[in-house]
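Down below are the structures I want you to see.
Across the two complexes that follow, subunit A remains constant while its partner is subunit B and subsequently subunit C.
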Partner chain A sequence: MENFASLMHGFSLALTSYHVMLMIVGVMLGLLVGVLPGLGAPNGVSLLLPLTFSMDPASAIILLASMYWGALFGGSTTSILFNIPGEPSSVATTFDGHPMARKGEATRALTLAFMSAGFGALIGVVLITFLSSWAARFALRFSAPEYFGVYFLAFAAFIGMGSASPFKTIVSMMLGFALGAVGMDSVTGSLRLTFGFDQLLPGISFLVAVIGLFGIGELLVTMEEGLAFNSVATRVSPREVGRTILEWPRYWVALLRSSAVGCWMGITPGGPTAASFMSYGLAQRWSRRPEEFGEGRPEGVVSPETADHAAGTCAMLPMLALGVPSSATAAVMMGGLMIWGLNPGPMLFTEQHDFVWALIASMYLGNVVAVVLVLMTVPLFAAILRIPFAIIGPIIVAVCFIGAYSVNSNAFDFWLVLVFGVVGYLFKKLDYPLAPLVLAMVLGDKAEDAFRQAMIMSQGDLTVFWSNPLAATIMTAGLLLLFMPLVSFGVRRVRRLSVKS
Partner chain B sequence: MLRKSSLLVAMAAMIMAGGTAVAADWKPERPVEFVVASGAGGGTDNFARTVQKAIAAHKLMDQSIAVLNKGGGSGAEAFIYAKTNAGNPHKLIFGTNNVYLLPHVTKLGYTTADLTPVAAMALDEFLIWVNAKSDYKDAKSFIDAAKANPGKIKVAGSQSKDTDQTLVSLIQQVTGAKFTYVPFNGGGAVNVQLVGGHVDANVNNPSENIEQWKAGALRPLCVFAPKTLEAGPKIHDGKGWSDIPTCKSAGIAIDSYEMPRTIWLPAGVPEGAVAYYRELFKKVSETPEWKDYVQRTSQSGQFLTGAAFDDFRKTDEANATKVFVAEGWAIK
Partner chain C sequence: MSISRFAMEIVVALAVCIAGAIVVTGAMEFGIRWSESGPEAGYFPFYVGLLLIFGGIGAGAQAVFARSDSVFLDRAQLQRLVSFFVPMLIFVIISVFLGLYVGTAVYLLVVMRFQGGYRWPFSLVVSIGTVLFFFVIFEVWFQVPLLKGPLEEFLGIY
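This part shows the complex of A and B:
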């Protein structure tokens, strides 16, 4: 109840016309950087940071946080329309979002994505409001074995499904691990797989790979198939938006499950990207028609979007309460806090009471503003698909390359995008799944670090992963998820045999 | 209006630099890039952005500034970037002592000769921190425990073979204790590990741990500085920075261990550019924004350029290299 009073106080601070204007500006800017693949929320926020130096900290964080929400929304737009994830965390949205757009359901997919994203964010803020101190204490219980458990769980949730042959999945995943290992190894400080190229020293940027694999790869396929988006008669009417909003509550199971996954991954610094993959995997596993995933199932859009935003929102909590950012954007904002003269950490909530609660209140308002704004843009975005490919195709290529460059301002990344574009094309032609590669690239490196840290801490004793109830629970859940398909396959086999005999 | 005021600033700068004619010869003609050798939000990032803020607030430079984070490979990405931009006086590189220490432990595509030293603006301190719930009340009991249980005491640090691990190795060398060093990514994660009780100690900088100390979760044992730190406000339980004993007085024979916040230019830039930036950063070091940053992060605000910076660097490099050789990290 005390939190509730604080929240009301926060609303009284955040609900000024100046702050609402900042939210609108922030969301708009965020949408813009989110739509441009590669630019993304972390880069956008760090570009905007110098402008906030002269602002009051509460106004500054409201502007930056609104930009973050806007970017999260914008990232889904290009995923659905062009199969180009604007943000790493919207990769999973492409799996079903883009097929929906190709079937002529772009408006429906966008509306579902935005509504679900708004819902996920809302659940995240509610959690921050009422459970902040509990969640912060919970996050403290995580060390290397628990981190490894979380990554393992995300892997296990996503693996063992999909229509591709298991061997192709393994090849794709191993390639992802290898790509994730490029660069400096943080545990030993030595270089791996750089082959003497200085440009590979920072590693291969996940975003650059994704822009190539998905964006350029998709374009190559489209060109081969006759230079047209197969977007037969995309319905572009505000009425379609309204209809979809009415249809949306039907996915309440996916919404609740994905919010839980998102909040969990946001607090235990697994991050929004891992959350969206895990949530997609679980949605498919528990679906009655798993084989339809990847062909344009609405749940395949609802689940990753909800989890992505719930995690993105919850990621603010460890940053504020512990000074540990669990997403790249949160890291930039934390830098901002320090420059404004605030120290994120356990004392922030008591010492900067007004600031914290104004921020939390602005999360509610900012997300409402964002959902309203993006829903208004849906018909506009969906109409883009009606532009002839001869015009939009070259624009997409340009956007892809600009996006790839803006990730690290490194001209070498142009070549990487081209190489990954060809890889993406070949993968599609040979029917290799891309998702395992992407997942391995995002999580492989982190999981490896966590595993080796755990091994150093336990001096090589593998039982460390079962040394306390928390780690043991996560690891056991992961193992169960991993072997569930095998077990159910075995059970079916045994049953069939017993029926026959 | 804007142009007039910037003209005034330029004139004022010229008058101030009247004696040193060289400095007034060169001025940036294009926007200047601050290349940060860490990710956004890291210590080096805050350093560079504070300088940017001070320059903007006092209009110390006519050209605008863009901050670019190149933190890959423990910061080596930024230094290689300097090499590829040799002779370009519009790129400033912000780092620590990693500029000249990294090439000793990892084979990289640059050497220190690819950069021109401009200035060191502050020295960041190191302390031994333990969890407030632990039994270690002073440095001696902590070291004794490590001697009694070799390898059982876990110390977390930011990276592998970085300033943290070098310091831990140094402590091992001078005391004969044996720790297990666990590299986590960045000071924030290192902190959570200690507060959560997963490791026994860390050697974080003051600014990385002050909030946890204030909250009563961590306890500082000693500081690796020649003398105790400046007082400042009381932080926890009636104690402030000046109440922490030096590690030397606590029986760990390390005189001082400090990390400089440094600024560099690529090699082959005009002499006048180096002089211009030295003058600029000297002015930055006198602004209230900078003083506030130094005080808030409990660093020592020492402005070093020219021979003084060179001397500091040589000593620092020689000391670190000894540890690298002893630990077998040094590359041939």
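This part shows the complex of A and C:
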């Protein structure tokens, strides 16, 4: 009940006209970046972040979080209407969403998607409401070795559970660590990896990296594939919306199952993209008519959307309670918290009580605002996508570079954005995952500090990580995850040999 | 003419190894050993660099053992890529010297006129309108100053 009282307090903070206006602005901007090719949630939040430096942290996080919800919704809109996933996590929505739209059921598909997305997000927020103070209290028992253990676990999970080649995950992650290490070392104060470039002294901002990797990189991929909008006529009729909302509760099995998948993948570092694919796969496998998937089954829209949003929302929990974000966007927001002078982690709940609960309350409100707004503005954003690329393309590029400049007011960052853009393009095409890179850039310093502090505590004895049951459990789980690819490879080998003989 | 995925995998894996080697040399400058107060400044970057090389070799080996003949980039795709990248590069160069506003205006104008095939008047109106819009949003509303060049100085806008 203590959480409930805090939540009510949060609502009283979030329900001011200023904050509701921020939510609306955030959702609209989010829809815009979600709809536009090349701009997505991580990139959009990075672009907006420098503009919030002068705001108070609670207002700033409400704006950014609303933008995140908006971007998730916007990504679904383009998936269904144009067969272009605005976000990697809405790829699975295109499988059945676009066929539905082509059959003339665009409104039905959109309404189902938005309602399910809103449902998934709400389940996620409810989970956060109940678990957050418990998770924070649990995390209060953490000291340096446990913290390092949690970081280690998060990174190991990417290698062990990610869908990409473990080598490529390692490459991406280590690149993130190396980039994060550039500049002043926070413990000894010496300058690292600057190679005599003055411009590198302050370090490389992860925001600049995200704008290049996700923004320019994504644009390069889109350009290379050639833009072909298979647009479907869109007119959202209120009656059709109403009918679909009445039909929607019939998919309760898919909704509950996908919420569970989404929440799990959101809290563990699986992330929304993995969650939506997994949920789609499960829906297909458990369906009585799996062969109809891909031709416009409503469950094929409901399942990935629910899981996507549940995961996106739940990714906020480990970020707030432990300081370990489990998606690229959450990593960017966490970087924002640190820039605003807040320290993500368990202390946040006691020191910044208002901030945390205003954020959680705004997640309830923001998602309701998002569902209403997105249904109202579908025609508007569909029209934006009809603007020819010769106009909208250069504007997107300019916005990316302006955003990068506003981080440090340093023209050197333009070149970094270009380089990161090329790297992002190559990595995306060759299936190197990008999320570990961002996560490593944001968390690298903290993980290193935790490791060094643990070493100072134990005078250089590595067994400190196994000195108490809590740290030992976390570290062992991390090691198990880390070696999972090796084990599964071995198992496959043995099985193949036994089949042969 | 096309670039195979295999070739690209190998090139990127090699680039990763080189990056790893650079990180390792950079880390050596600061001591990679343990001192009394735990690891020295270069300790972490050193192993990060080594792991980069390890990952690069692994990814390269995977590409060799599971060799696929798929195409990374064909000619038409390359053309589209270049026609997008080169104007962007020019935009960056102009922006560095003349400021972001002039850069954006010229970039949008040129792409609209020569790649979009719009007439001069329409292209001019859209590009200047966009820049004014950016100015109002960033400079006036959010008070975030963007990079300016000689033109803004001449006009007396700071």
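Heads up, the rule we're going with is that the second predicted complex is superposed on the first by the 273 of 501 C-alpha atoms of A that agree within 3 Å, B and C clash if a C-alpha of one lies under 4 Å from a C-alpha of the other, contacts with A are read in each partner's own complex, and residues count from 1 in each chain.
Here is the rule we use: a residue touches a chain if its C-beta (ideal position, glycine included) is under 8 Å from a C-beta of that chain, and two chains touch if they have at least 3 such contacts.
All figures in this text were calculated on a predicted structure; none of them were measured in a lab.
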>> Output check: A:A181 vs subunit B and subunit C. Expected answer is one of first, second, both, neither. What do you get?
In response: second
>> Looking at A:A139 after the superposition, I want to know if it touches subunit B, subunit C, both of them or none. Which is it: first, second, both, neither?
In response: first
> Between subunit B (first) and subunit C (second), which does A:V332 come into contact with in this model arrangement: first, second, both, or neither?
Replying inline: first
>> Which partner chains sit in contact with A:I456 here, subunit B, subunit C, both or neither? Use first/second/both/neither.
In response: both
> Of the two partner chains, subunit B (first) and subunit C (second), which one does A:P50 touch, if any: first, second, both, or neither?
Replying inline: both
> Of the two partner chains, subunit B (first) and subunit C (second), which one does A:Y18 touch, if any: first, second, both, or neither?
Replying inline: neither
> Which holds for A:S190: it touches subunit B only (first), subunit C only (second), both, or neither?
Replying inline: both
> Of the partners subunit B and subunit C, which touch A:G341 in the superposed model: first, second, both, neither?
Replying inline: first
> Is A:L418 contacted by the first partner subunit B, the second partner subunit C, both or neither?
Replying inline: second
> Do subunit B and subunit C land on any of the same subunit A residues, and which?
Replying inline: 50, 54, 185, 187-188, 190, 409, 456
> Once bound in the complex, which stretches of subunit C touch subunit A?
Replying inline: 5, 8-9, 12, 16, 19-20, 22-23, 26-27, 30, 34, 37-42, 44-45, 48-49, 51-52, 54-56, 58-59, 61-62, 72-73, 76-78, 80-81, 84-85, 87-89, 91-92, 95-96, 100, 103-104, 107-108, 111-112, 115-118, 126, 130, 134, 138, 142-147
> Quick one: in the complex, what on subunit A touches subunit C?
Replying inline: 50-51, 54, 165-168, 170-171, 174-175, 177-178, 181, 185, 187-188, 190, 192-193, 195, 216, 219-220, 223-226, 388, 390-391, 393-395, 397-398, 401-402, 405-406, 409, 411, 414-415, 418, 426-427, 429-430, 432, 448, 451-452, 455-456, 460
>> Quick check on the complex: what are the subunit A residues that touch subunit B?
In response: 42, 46, 49-50, 53-54, 139-144, 183-191, 198, 201-203, 322-325, 328, 331-335, 338-339, 341, 343-348, 408-409, 449, 453, 456-457, 459
> What does subunit B use to touch subunit A in their complex?
Replying inline: 39-42, 45-46, 49-50, 52-53, 56-57, 65, 67-74, 76-77, 80, 105-110, 151, 154, 159-162, 180-185, 188-189, 191-193, 195-196, 198-199, 207, 210-212, 214-215, 217, 292, 296, 329
